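The letters A, B, C and D name the chains in turn, as written, and every chain counts its residues from 1.
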Amino acid sequence: MGLILAILIQGVQMVLVLALAPGLVGFTRKVKARLLRRQGPSVLQPYRDLLRLVRKEAVLADNASWLFRNAPYLIFATTWVAAALVPTFAAGLHFSWAADLIAITALLGSARFFLALAGMDIGTAFGGIGSSREMLFATLAEPAMIMIVFTVALVAGSTQLSTVAEFMVHHSTLRVSLGLALIGLIIVALTENARVPVDNPATHLELTMVHEAMVLEYSGRHLAVIELAAALKLLLYISLIACIFVPWGMASQDDGVLGMLVGVVTWVGKLTVGGFLMVLFETAIAKMRVFRVPEFVGGALMLGFLGTLLLFVSRSF
Amino acid sequence: MSSFLNMLPFAPIDALLVVPGVAALLLTLIPQYRLGARVNMLASGITFLFALTLLIERPDPTVSFLFVDDLNVVFVVLGTFVGFTTSIFSASYIGHEIEIGRLKPGYIRFYHGMYQALSFSMNLGLTANNVGLMWVAVELATLTTVLMVGLYRTQAALEAAWKYFILGSVGIALALFGTILIYMAARPVIGEGHDAMVWTSLIANAPKFSPELLNVAFVFLMLGYGTKVGLAPLHAWLPDAHAEGPTPISAVLSGLLLNVALYALLRFKMLLAANPLAVAPGPLLVTLGLVSLIFAAFMLYLRRDIKRLFAYSSIEHMGLIAFAFGMGGPLANFAGLLHMTMHSLTKSAIFFAVGQVAQVKGTQKIADIRGLTESHPTLGWSLIVGVAAIAGLPPMGIFTSEFLLVSSTFARQPLLAIPLVIGLLLAFGALIWRLTGIAFGKPSPSVVDAGRHPSMLPLIIHLVLVLIAGLYLPGPLVAWFQNVARMLG
Amino acid sequence: MERFSLDAAHLLAGGMVLVSFMMLYQNRILGLLNVFAAHAVVLSLSVAWQAYVQSAPHLFVTAAIALILKAIIIPVALHHMVLRLGVHRDIETVGGIGPTMLMGIGLVALSMVVMLPAAAEADPIAREDLALALSVILLGLLMMVTRQNAISQIVGFMSLENGLVLAATGARGMPLVVEISVAFSVLVAFIVIGVFLFRIRERFDTIDTQALDDFREGRE
Amino acid sequence: MPIAAALLSVAGLAGVAVVATILAAQRRAWATPIVYGASLILAAVLLMCGLLALLGGSAFQGAVHLPVGLPWIGAYFALDPLSAAFLVIVDFGAVVASFYAIGYGAHEEEPGRVLPFFPAFLAGMNLVVLSADAFGFLVAWEFMSLSSWALVMAHHHDAENRRAGYVYLLMASFGTLMLLLAFGLLAGPDGDYAFSAIRTAHHVPWLAGLVLVLMLLGAGSKAGLVPLHVWLPLAHPAAPSHVSALMSGVMTKVAVYGFIRVVFDLAGEPAWWWAVLVLILGSGSAVLGVLHAVLQRDLKRLLAYSTVENVGIIFIGLGLGLAFKTNDMTGAAALAVAASIFHAFNHSLFKSLLFFGAGNVLTGTGERDIEKLGGLVHRMPETAYLFLGGCLAISALPPLNGFVSEWLILQAILLSPDVPQWALRFLIPASGAMLALAAALAAACFVRAFGITFLSRPRSPAAETAHEVSRWQIRAMYALLIICLIAGVFPGPFLDALSPVSQMLVSGAMPKQPILPHLSIIPISESRSSYSGFLVFFFILMASWAAIRVIHNFASRAVRRAPPWDCGFPDASPVTQYTADSFAQPIRRVFGPIAFRAKVSQTMPPPGDMAPARLTLSLRDLVWEFIYEPLESVVLYAAERLNILQFLTIRSYLSLVFAALVLLLVLVATWA
């Protein structure tokens, strides 16, 4: 009985993240538009876009290979699994120990791997630009992420997100290292989600785009799946930050349905706040040149490394 | 077996001298090349057999000028064996030289006669129980080899022979003075006359000799016989003599003559080591050895003549051996003996190969010999095996000795092991570099078709022996070497 | 008598050293040959004296060999050769006569320092003899090193060998002395013959060993 | 008794080598399958022996003493958990390589130069792992080098290969001499060379430290640690591909074995600074190796450099193991050691897979330069799948095996704040960062390798006319990929199999991995961290399957083929694609200035001038520049100077003798 319930809750989370992701994107777009004094599309617009794309026929380039056709689903699947493993409204979910934070990072890595390959498949100049720049950012963002994981894990004594969350809830104090980690994680999140100042999701000026350049050749359902994966990724990062740094209100395994509901509500609240702050930041600054980005992301790496080092020197940092 | 030996008209040890002596005279009378070559082979073979009998039964040292003990029987057996295989090689080699008209048939009688005279003098030098007699023998060996080095009568050959001759004679002279000093040192103890020059009594009474006199004597002896061994800076004659003489002689020089001189040096080292007050001969040998090793290693890099290349590698290995004996101790001495044996076999094998290479390619210039493994696979690969062995790669025998030498040295005197290792690496680098050029790449044109070059038999035999020794040394041999190593102290 | 025999031996040995110096001083080949003949004569005298003192008749043979071969035949042969090969008559030295003489003196001193303590136990004749013989040897070597022409080098070698014979005869009761001196004479003969046999005259314009070595530069 | 069987089959391999020599001399066409088939069978036997000894416990282990080799000591052979583990690594690679070679060898133009040495090479590697005395070890070690050298020289007409072979053999013999010195120290002056004796002997600390340094030089030069790696990118590409796979995937592991055997097993108690050295070298190799790899154009050279990276990762793990061992943190030490040996195993799998892929490309197109390839995914589909699998594995992406071992090493790093020494406290996180950086760069490197080689459009006629290769080659690669997947999805049993090894080396072991529930692995305790490759794999499959089903059933599944959109540029020619160099350009621009002193300079002609604009790039290999070239020039200079001594006159030689004489006389005079 308990097992079934646990699996049920896990399933709920998986469906929930899937369902909320486009909403989050829509919300951010809306907020952005408002901040720019525009009306902006409705929050539900992303759902409509996805449905439209899914119904369309997929146009493939003549020399597109099997990889090009299957990559979107793999990207989607890995991202979804990663998102499903992050505690959102409840900690200690049944499958949460299937993968720890490092594994989640690596799962996102595989998604990126396939995306970059897909970008190169057709053999156009733009796909190449996109993939090569994406991989460049990744070479710095991934180690930065690992360093941040180290910081968190050294504080919480575990790389299991559920354990981390519980630890943070119970004995959380203000720590230098965690502060560094937070800033680093935000930078990584911006980079990974192709947000300003690293990349501009709204642009269609080819030479400035990174993420968009890779998916340039996609259309129809393939594009839809990739967009959904991107949305999932955004959601994942925000709830990751939330679960590590503001874990309060998160339900735990044995809470009743009520607790769960509370958890869901607080989680949605965190998402809106997080999304709002991100958009605020985005509208406040401009996109930077491609070769400034490594310094930006390298900053995250430095912060994460510094945090780890401090913890190695003394656990009290 | 021993009874059979007793039935012989003369003792086997005398046969070591009689057979070559008679053969030498006989061969000077035989004009036909083929017959001469056969007789030469036969004589060398018989000598080798008699040498083998020494392993079974040894004459009593007191009765004659000659004596045999554990130490020199190693040298005798090895020397006669190499002499035998070389005679097989020389038969076909010289035949080819005559065909291409590089050698006038008239010289053949002379050549064969000298060959036997050489083996005579070397056996005498090894078995002589008398310092003076040994000295005479070594001088004789020098003279014969000088004549053979000059055999081709080319300017280069004559000049090499001349150089060898002058330097050799000076060395001889120094050695003689050392010998006289040894006598002077022995006389007050042993008394005048013959006994004061007899090895057995010298060794027995060595502790009572005047140490100062022994020191001076050793200086002269080391320089005198060291010249023959080819230790730097006394080496100058060696490369040219190897390069310009007929290849069988190069093989004999590297495989035998150097060993004979080394043997003399070892004897006197034992003499000094037996006297507590005299200078320890070890450090001198170690220094000369290291100098020769590193010097030769550097010289290998810029050689253009293939035979001169391997002549320098002989200097290098003589340096190693001198180093080993200089270090002393059971392990190092064992390594030294093993290394000497392996070097004789390997180096003569290499010269067999090189001789054939020079004949098929019609040149000794390294730059003009390429792609041997393609044009002459058997020859090329056996040359590779030989060079790999001489460079100290397993599973060949030289690796065993170098292993023992280096590891034991490092455990005892780490600072000495460093130059040793550097020297080995330098030499290795040079040899492999040359080998790569010779054995691989697009083959250079051959002047002789593959079928014509001399028989591979001696070459193969030597290499197989070296290979086996690298993997397995028979117990008796080991026990015997260890015994000798203990003798050397 | 004992005393006198000692002095005579020393006198003769010292005479050889002196003559060696005279050889070093020579700068003319023919002159050199004559001095060398003198060297050999002194040697044979000293050997003969040793034979008499040690009452070792076989040493007279050595003396005879020295006299006949070294004092007469070889000098004459070389003389003849110099004329026939038309060797230019004066000797090129390395670093001049004077310095070589000085070096020679240093070498004599060295040999004294080395031998006198070393041969302390050996009887006095042998001791001084050895010291002097060693200096003769070193002087001979010095000559070979500092003279350019092959002839003068040969002469240097032969004087060196005279020193050896002196030492050998000085060593009382040393066996094989005769054999060794014979063997050495053979060696020397070889050298002289070598100059003919290797037809150095035909192959090289001069037997200056410098020229001998010119051949190798091009080759290696 | 596995050890006896193992020795017999090694002898068998040697016999095969001899037979192969004869067959090759007679130029028999059918020699190739025979020789490779025979080596396959014998290697399989050896593999069985290894597995038995590893899993079957002490009953199947044992030692043998033969009266060959060094007299008065003889040759010792032993099969203990460590050697068993590496026997498995070696012979699994050997089996697959032989299988692959049955197909690949058919394309060999000079079989006579490959066939005899291949079994000899296998025999050498096995013998290194089996032998239990210093002499036998070194003989086998150098024999391994020698036979692989012959294989590198197989295509000797190419001057590049000749140079590669020369550098290789020189470095190998340098390494051997270093090992020789190390064993000399361990054995002591009276030469007790048997491992059993060395193990029991007590070693002075500073001596043991010297041994460690010598081992880093000796084993490191064979394993390819920076800066001793220079031979590796030259030699591995030069050999035939199945041999490259063995050299890169397996021989480097044999070197790792030698290091572990001496440092963990023979040299006694480690000192904490050992870990410092090993960690620095390891992380340096990891990053520099992959940075080189990213910039390579030659596919096989790229793979060789990535081997340097992975060896670096392995040594990071070993360094952690040493750090923990000195501080008696046995659990952590066991984790680190097990992780690095597991990574060694994994690397041997996917590196062989990738080299086989490169071999297929070579046979299919005759090209190794990826700038001339492209679009092979259409012409060589199966090779493409398999190569992609290898790329995923080596880029440490779940659910494949590469991720598991690197994950374990990261977990080990997380345990290290308890290490008391300050130097280590600073160094270990740094090497962790290096490890992460290397992993990320590896991903970039292999996206580039696969994307340029197999995806996009053909860049040369050779790539257009490529053809798929023989079944043997493909099947061998399938086998490897499947094992990679299994090791990634069910890592538990593999780690359990390694526990006797860690028990033997650091006298501690990882917790027994639970087969159920959910097939997850637990390095230390479940609360700290756990990972279930199976669930991740299962979820990914389910998710993608579900996505496809849903979309295809409830939305469209129609597809239309059309020319590429490419932002509306009509039919651009293949030269407009991103090239390998342009793909690597951003990374080069970020890391190049530090790692390679990279300099880029354009010459832009003035407007209206017809001259083409030029962009010149200069990369400098600092290791060559600052270590090897100076050495070379010094040696040659000395040789030049000394060479004068060959041309002196007789008189000058005499004066040398004279000088020596006078000198010695003076010495004696003063000594007396």
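To be clear about the criterion, a contact is a pair of C-beta atoms (placed from the backbone, for glycine too) under 8 Å apart; a residue touches a chain by one contact, two chains touch by 3 or more.
Here the structure is a predicted model, which means the values were calculated and not measured.
Colleague: Between chain A and chain B, which partner chains are common?
Modeller: Of all the chains present, those in contact with both chain A and chain B are D.
Colleague: Look at the interfaces B-C and A-D and say which one is made up of more C-beta pairs in contact.
Modeller: A-D
Colleague: Taking mean CA positions as centres, which chain lies farthest from chain A?
Modeller: C
Colleague: When the centre of a chain is set as the mean of its C-alpha atoms, what distance in Å lies between chain B and chain C?
Modeller: The answer is 31 Å.
Colleague: Between chain A and chain D, what distance separates the C-alpha centroids? Give it in angstrom.
Modeller: Once rounded, the distance between the two centres reads 35 Å.
Colleague: Starting from the mean Cα coordinates of chain C and chain D, work out the distance between those two points in Å.
Modeller: So the centroids are 69 Å from each other.
Colleague: Taking each chain's centre as the mean position of its Cα atoms, how many Å separate chain B from chain D?
Modeller: The separation of the two C-alpha centroids amounts to 44 Å.
Colleague: Return the residues of chain C touching two or more other chains; collapse runs of consecutive numbers into ranges.
Modeller: 114, 117-118, 141, 144, 153, 212-213, 216, 220
Colleague: Give me the residue numbers in chain B that touch at least two other chains, ranges are fine.
Modeller: Expected reply: 162-163, 166, 170, 212, 215-216.
Colleague: Go ahead and list every pair of chains that touch.
Modeller: Applying the touch rule to all chain pairs gives A-D, B-C, B-D, C-D.
Colleague: State the interface residues of chain C toward chain B in the complex, per the touch definition above.
Modeller: So the residues of chain C touching chain B come out as 114-115, 117-122, 126, 130, 133-134, 137, 141, 144, 153, 157, 160-161, 164, 167-168, 171-176, 179-180, 183-184, 186-187, 190-191, 194, 198, 200, 203, 212-213, 215-216, 219-220.
Colleague: Taking the complex as given, what residues does chain A use to touch chain D?
Modeller: 54-67, 73-74, 76-78, 80-81, 84, 95, 97-100, 102-103, 106-107, 109-110, 112-113, 116-117, 120-129, 131-133, 135-136, 138-143, 146-147, 150, 153-154, 157-160, 163, 206, 216-217, 219-221, 224-225, 290-291, 294, 301, 305, 308-309, 311-313, 315
Colleague: Across the complex, what residues on chain D touch chain C?
Modeller: For chain D paired with chain C, touching residues are 646-651, 654-655, 657-658, 661-662, 665-666, 668-669, 672.
Colleague: Would you pull the chain D residues touching chain A in the complex into a rising list?
Modeller: On the chain D side, the touching residues are 374-375, 377-378, 381, 384, 388, 392, 395-398, 403, 407, 410-411, 413-414, 416-417, 425-426, 428-430, 432-433, 436-437, 439-441, 443-444, 447-448, 450-452, 455-457, 518, 520, 526-532, 535-536, 539-541, 543-544, 547-548, 551, 555-556, 558-567, 569, 572, 574, 576-578, 582-587, 589-590.
Colleague: For the complex, which residues does chain C have touching chain D?
Modeller: Residues 94, 107, 110-111, 113-114, 117-118, 138, 141-142, 144-145, 147-148, 153, 209-210, 212-213, 216-217, 220.
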